[in-house]
Amino acid sequence: MKKEIIISGFGGQGVLSMGKILAYSGLMEDKEVTWMPSYGPEQRGGTANCTVIVSDERISSPILSRYDIAIVLNQPSLDRFMPLIKPGGILIYDSYGILNKPSRSDIHIYQIDAMDKAAELKNAKVFNMIVLGGLLKVCPVVSTDGLKKALYKTLPERHHEMIPLNMKAVQVGMDLIEEA
Amino acid sequence: MNNEVTLLKGNEAIAYAAIRCGADAFFGYPITPQSEIIETLSLLKPWETTGMVVVQAESEVASINMVYGGAGAGKRVFTTSSSPGVALMQEGISFMAGSEIPGVIVNVQRGGPGLGTIQPSQSDYFQATRGGGNGDYNVIVLAPNSVQEMADFMDLAFTLAFRYRNPAMILSDGVIGQMMEKVVLPEQKPRRTEEQIRKECPWATIGRTKDRQPNILTSLELKPEIMEARNIHLQEKYATIREKEVRYETINCEDADYLIVAFGSAARISEKSMEIARGKGEKVGLFRPITLWPFPERQLAEIAKGKKGILVAEINAGQMVEDVRLAINGAVPVEHFGRLGGIVPDPQEIVEALETKMMRK
Amino acid sequence: MTENDIISPENLVYKKPELMNDTPMHYCPGCSHGVVHKLIAEIIEEMGMEEKTVGVSPVGCAVFAYRYLDIDWQEAAHGRAPALATAIKRLWPDRLVFTYQGDGDLACIGTAETIHALNRGEHIAIIFINNAIYGMTGGQMAPTTLIGQKTSTCPYGRDPELHGYPLNITEIASTLRGTCYVSRQSVDTVGSILKAKKAIRKAFEASMKGLGSSLVEIVSTCNSGWKLSPAEANEWMREKMFKEYVKGDLKDTTNLK
Amino acid sequence: MSTNRGAIVVDKDRCKGCALCVLACSKGVISLAVRKVNVHGYPYVEPMNPDNCIGCASCAIVCPDGCIEVYRKIIDKEDEQ
Amino acid sequence: MNNEVTLLKGNEAIAYAAIRCGADAFFGYPITPQSEIIETLSLLKPWETTGMVVVQAESEVASINMVYGGAGAGKRVFTTSSSPGVALMQEGISFMAGSEIPGVIVNVQRGGPGLGTIQPSQSDYFQATRGGGNGDYNVIVLAPNSVQEMADFMDLAFTLAFRYRNPAMILSDGVIGQMMEKVVLPEQKPRRTEEQIRKECPWATIGRTKDRQPNILTSLELKPEIMEARNIHLQEKYATIREKEVRYETINCEDADYLIVAFGSAARISEKSMEIARGKGEKVGLFRPITLWPFPERQLAEIAKGKKGILVAEINAGQMVEDVRLAINGAVPVEHFGRLGGIVPDPQEIVEALETKMMRK
Amino acid sequence: MTENDIISPENLVYKKPELMNDTPMHYCPGCSHGVVHKLIAEIIEEMGMEEKTVGVSPVGCAVFAYRYLDIDWQEAAHGRAPALATAIKRLWPDRLVFTYQGDGDLACIGTAETIHALNRGEHIAIIFINNAIYGMTGGQMAPTTLIGQKTSTCPYGRDPELHGYPLNITEIASTLRGTCYVSRQSVDTVGSILKAKKAIRKAFEASMKGLGSSLVEIVSTCNSGWKLSPAEANEWMREKMFKEYVKGDLKDTTNLK
Amino acid sequence: MKKEIIISGFGGQGVLSMGKILAYSGLMEDKEVTWMPSYGPEQRGGTANCTVIVSDERISSPILSRYDIAIVLNQPSLDRFMPLIKPGGILIYDSYGILNKPSRSDIHIYQIDAMDKAAELKNAKVFNMIVLGGLLKVCPVVSTDGLKKALYKTLPERHHEMIPLNMKAVQVGMDLIEEA
Amino acid sequence: MSTNRGAIVVDKDRCKGCALCVLACSKGVISLAVRKVNVHGYPYVEPMNPDNCIGCASCAIVCPDGCIEVYRKIIDKEDEQ
């Protein structure tokens, strides 16, 4: 199995760390992974993205022009990456930042209103995990177990108490996502 | 700290691997896309563990001259930068070559010329392999194509540098520097003791003991006869390195009709292009020089025999293609494909280039 | 009396200067760079030098200054702006030539170019944005970073044993015989902004009168690099930076008011 | 007796919501627009209490992005009331 | 001041010719073997006659950036240095190429690497022609082989630099810089007026008048698409220069069995070698590239057809020989002869190299 | 009592230090460099640091210093000696590390390296030979060349309008927080030579005690470059140079005697 | 006609300017000339030399390994250049600096004691011209007229009054030189 | 009563004839050798009035090339006479 994923949104939305957690989860399950960010002076607004590949075999190019899955969190990201999803692929979007709804018939399109949900939960920090939960629901690139391991591995010890909350958010995301 | 499997950026891998391979010092100046190297080192504060020194220098000019000083004193010392910063180091690198100083330079390339762009590029191939500084000299150039190789080449670069008393460079780029991949970090090696350094580096300037003549590191010599002898010594050393230290990788070259020659991140991308082409039934192989200098010229010439064509895929306007042409010497058609300005080609483009430039024309 | 009665051309009392175009600036919200840009544009307009000014932008966050002020610009290599300005001014003596540089650019890699241009007394003005950090590259230590200040390359705080001391290059500039005006200002309040404007204007005028070289340091914030809100950043600057970098004129031999 | 009445115009697409103008205004005229972002994705400010504005231009002077135009009219107190 | 016949050092000729061709400024830092250039300028004090500016800069880094500034402001500006000094300029030259700044650099080469020797050498061929700085760029490189050409190429370098908005370099060496020969100095040209500069250099940053957009000279562009377009523009420009500006000289090539290919001082020496060889009945011709970049590759390939062999004679360890090999592409055997370390070969040695490497083997 | 009675080992009161070998020095007759070389050799011997010293020679007339003192040496690129020394000392903290640099090397092309090494307080000593000219390359103007002084690149005398002002880098060094000892001396008389020796010794000791960085300027002659006899050169130095470059300690926080 | 000449001696002896005057004289007579010095930090002692070629035709190499004429003014110069004189060529030396007399039988050897003569005339500055006079006597590479013109051309006007004295020294040299 | 008698040895092949020692010697001991040059072509100095030497070492201290060795013996004035 090999999944080629792009995650894209505003610089501040945490798209890069979302990708990192995903990649780390793959690593925890002994898969091959690559994570490739857009980089530069992103702190100043603008759109950031990262490509994550999770595969059972050696990964050749970390640079892609077509994706199995795109997670888009604002309009420019949608405009840019929707056309690059392979037929039969998956598009996940958060409607919060989207003005014109996606419109391809040869792919699976899912909506996840994670921004609103995170605001509702009064915890902006779990936004990431909600989105990831949604992804794992519609395409179990990695297991939730791998994800949990990744959190234990990457978070500094003093934040480990937050992990149950995060895993709960994953569950929320799984419940929240819906075919658009 | 044993071998550790983890997920790191190429830049971070450089920092971790440097500490673990017993590096004695880093001197460098921040520049995108490689500032994570000095940042990671600053965070890990190896001066409290292995005793490694980390200094943010006032410029790349200072950095490379600190490397000169530190490596000249027998220590494993390196600097890292990106393209324009490395341009500033050319005088220093030339001095190191002339004085035979085994320092290591990492260039995480971005697009040029000038300030250019912070996006990835491979357009410093000439600067690295032809010696951007003055005089006849060569730098050993290693081109990693994965985060693992970023880590592995750190120790290798030091080893080669000290084996030949010659500067060695890791020529990476923004793709390899910024991407994360699984990496197995080497075990922590101890830094060498004074005794070991005295033994391994009898030339090092660490205080002249009574039992030897003063050690003098200089690239200057005003007597032409002596200077020519020193230059000939360098050229002979380079010939030895050419003989012994060529490294390359071949994938599916045996039955191939066409070869892609590519290094570093372009090789990763080309590997996928090769897969795509093979999927279409075209017999394509990949030849990846790992040492850009010494360039695997004999090896490539050998493998290229009887092929229908060679496509050199680089993220530049055509640089390594010259070395390929020099190696092939007209025996097989050689074409170039490249993207510029920070655009990283995708695998499909290279397939198309193969088709239009080599197969269909 | 409605808002609309007031909002009418004859009642206009402030708008951004003409010379500043409408291109959105890439600076972070609240960054000091923008204020200084405005001041420079205002002064050039007030001096009537719109057609006779050449700016030299640095490598640093202000690298793109050339996008925002509609004058001619050269973008210098990191630290070398004073060298470019030297040549431009020597070759076009009736032009207003200024550089705009950050602390990394001016006080670190460009130390030699800064000191020698000033010491030669080139008829240029150097505007020096000291935010005690490398903003552009993501917040590394600058020569002007304060002792104890945390940056991405001194994440445990600047330690003089490891990293040396904050460099007061403006003070050095004031000891050089080639300088005629050296001043340190800030742009955190209306009052300080007006003072900073006066200082920059004096520097520009001194350069046109051929009195020597001038340096105006603007103690600035980099809220992104400092990881503070814009308001907190101003507070921190006033509390910490002004102690190390004391504001006021350090040298003035111009006899200009 | 005469007094100053002011008004400001904020270029909301240029505003980055740094709120420095909010702090600079002693009359409490300006506030961040609630839960709104502009085309560039930034929150932005609006004159929430426009009537308090005296046209002193403090907000505009401190604005790093030059987003504020300030207008001022001297008016007779009596006129107004 | 009319055309004047006099006896000058190559270095002095540069200074005289610069003033006479209407140069606006010199910025440079002393270094042997070319300090006579700035010394002659200082003595002639052109600031009192033509108004030319002469500034001793604080370093070569400053010099090249002053050239950037001055040439960017539409003026004829140049700097001069020797090998390690030119190594320090690589970042600046790369910036100039990226921003399309028409400055002129003179390199009076000495031996390297590093501080090397002050004696003559041609070992900066790569540095000059491959771009020692970062990125894909080219500098127009003229190689004078006489004092007369030192003088003549000054104006030519400015002309080409401005024609193409590209840095141009005169790649000389200690022999040509230090030797005296008869030279006919050009007539004094007036420096261009502001009006002329505005016309010739609409891009120059000399104050934005209302009738145009601001002029911005920068090598930076963060948007890859735009940056690639700019790079492609540069590559197209380079292609035009390759097409139109190749310069070379041939002596006795028509009937020759063997060719010597040499530039600069080595070409002078080789000319005598050719005479000696012809004296012995061997049909030897001399092909002298005058522009090293663009290298006369098609022209050489054409002339080389049917020859028995080509000897590339350089005062280095083998640099231009790569361009010769690339041009010849295996069609004729190519060998290299060189001396190192500041030793200038004498004509007889080259004859011997011809005999042993080409004829007898 | 014949000469031979006196010339006998037990009566020896002065000879050149052991560490100075017999290689003839390439310096011009009467050049100050030689005297300073002797002092450095004497001090290293007196400190017993023969086996623990690393010198860094500059590009300048002293480039060949490494031929004359039998210690380990590195030859630096022009101006970069402080960078080399920084690295050597950081990596071998128990070694005595010093640089030996001319005015062109230290105060011109190497301005940034000098100032930043000093400001970081590297535990090194910088010996600075200020002869107001570029000796090695045949007598060009240096940053320290006096107003009116003639050199091959200011043959009509240094003119501040064209060439800027003499740069007092030692004064700048004394303002940097990283320096613990900054002194200016000369070696034209027995008395001044003994003082210069004391100063250099203090700088070396301060570096070994880790007190900070030190700079000792030796105001020197370059009779070749100045086109004077050695004796005239000393006179000219005393008359002209000492006015611009006033001798004495500029800073001493070492508490060493 | 083409003469390839080397002049060599101590740095301070003025060998470089001797060569320059010779080259200039050639120029005055419309000949092709090259002058190539050794260079470097010569002010500090050591041997300096220059190669002068005077020819009726275009000169190819300014660098030579064999000479028609060698003027040597100290022992190291003699040792180095005597072997490089072409058979039938000319060697001129000043005995002042020479310890071992020259000894080739296939060349013409001349001695000119110009150092002593100049000391005798109490004018060290004419040393150059005496030597040049000697050269022109045994091999008129240029005419004395050309030499005089060269002096007028190269000396600053205020020194023109010295030219007769210099030309006299040339005559002295012509008289002084003798076959060794 | 005792006094200092000194003597110097000049390494004439190392000496460059700069004459700084000549100036430094208050006793007029040293002079340039007349019309002589050493192996390197330099004029050099000699102790022309050796008896005046008091072994103060001034000459040696100022010598840039370290050419002078100084010896000193304390002797009884009477002894001498």
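By written order: A, B, C, D, E, F, G and H. Residues from 1 in each chain.
Here, contacts are C-beta pairs under 8 Å (C-beta built on N, C-alpha and C of every residue); 3 or more make two chains touch, one makes a residue touch a chain.
Quick caveat, the model's predicted, so the values are computed rather than measured.
Among the remaining chains, those touching subunit D as well as subunit E are C. Looking at B-F and E-G side by side, the one with more C-beta contacts is B-F. Between the CA-based centres of subunit B and subunit C the separation comes to 38 Å, rounded to the whole angstrom.
Chain centres here are Cα averages; for subunit D and subunit F they lie 63 Å apart. One simple way to say how far apart two chains are is to compare their mean CA positions; for subunit B and subunit D this gives 56 Å. Counting partner chains per residue, subunit F has residues 27-28, 63, 75, 77, 108-109, 111-112, 116, 138, 143, 163 touching two or more of them.
Shown for subunit G are the residues in touch with two or more other chains, namely 40. Annotation for subunit D: residues touching 2 or more other chains are 16, 40, 42. Taken together, the subunit B residues at the contact with subunit C in this complex read 29-32, 35, 38-39, 42-43, 45, 47, 56, 58-61, 84, 114-115.
Across the complex, subunit F is touched by residues 5-7, 9, 13-14, 16-20, 23-24, 40, 42, 50, 55, 57-58, 60-73, 75, 79-80 of subunit H. Note for the complex: subunit C touches subunit E at residues 50-54, 56-57, 63, 66-67, 69-77, 80, 83-88, 90-92, 95, 112-113, 116. Taken together, the subunit E residues at the contact with subunit G in this complex read 5-7, 32-33, 118-119, 174-175, 178-182, 265, 268-273, 275, 344-349. Of all the residues in subunit B, the ones that touch subunit E in their complex are 61, 83-84, 86-88, 90-91, 94-99, 109, 111-119, 121, 123-124, 126-127, 130-137, 218-222, 224-232, 234-235, 316-319, 322, 325-326, 329-331, 339-343.
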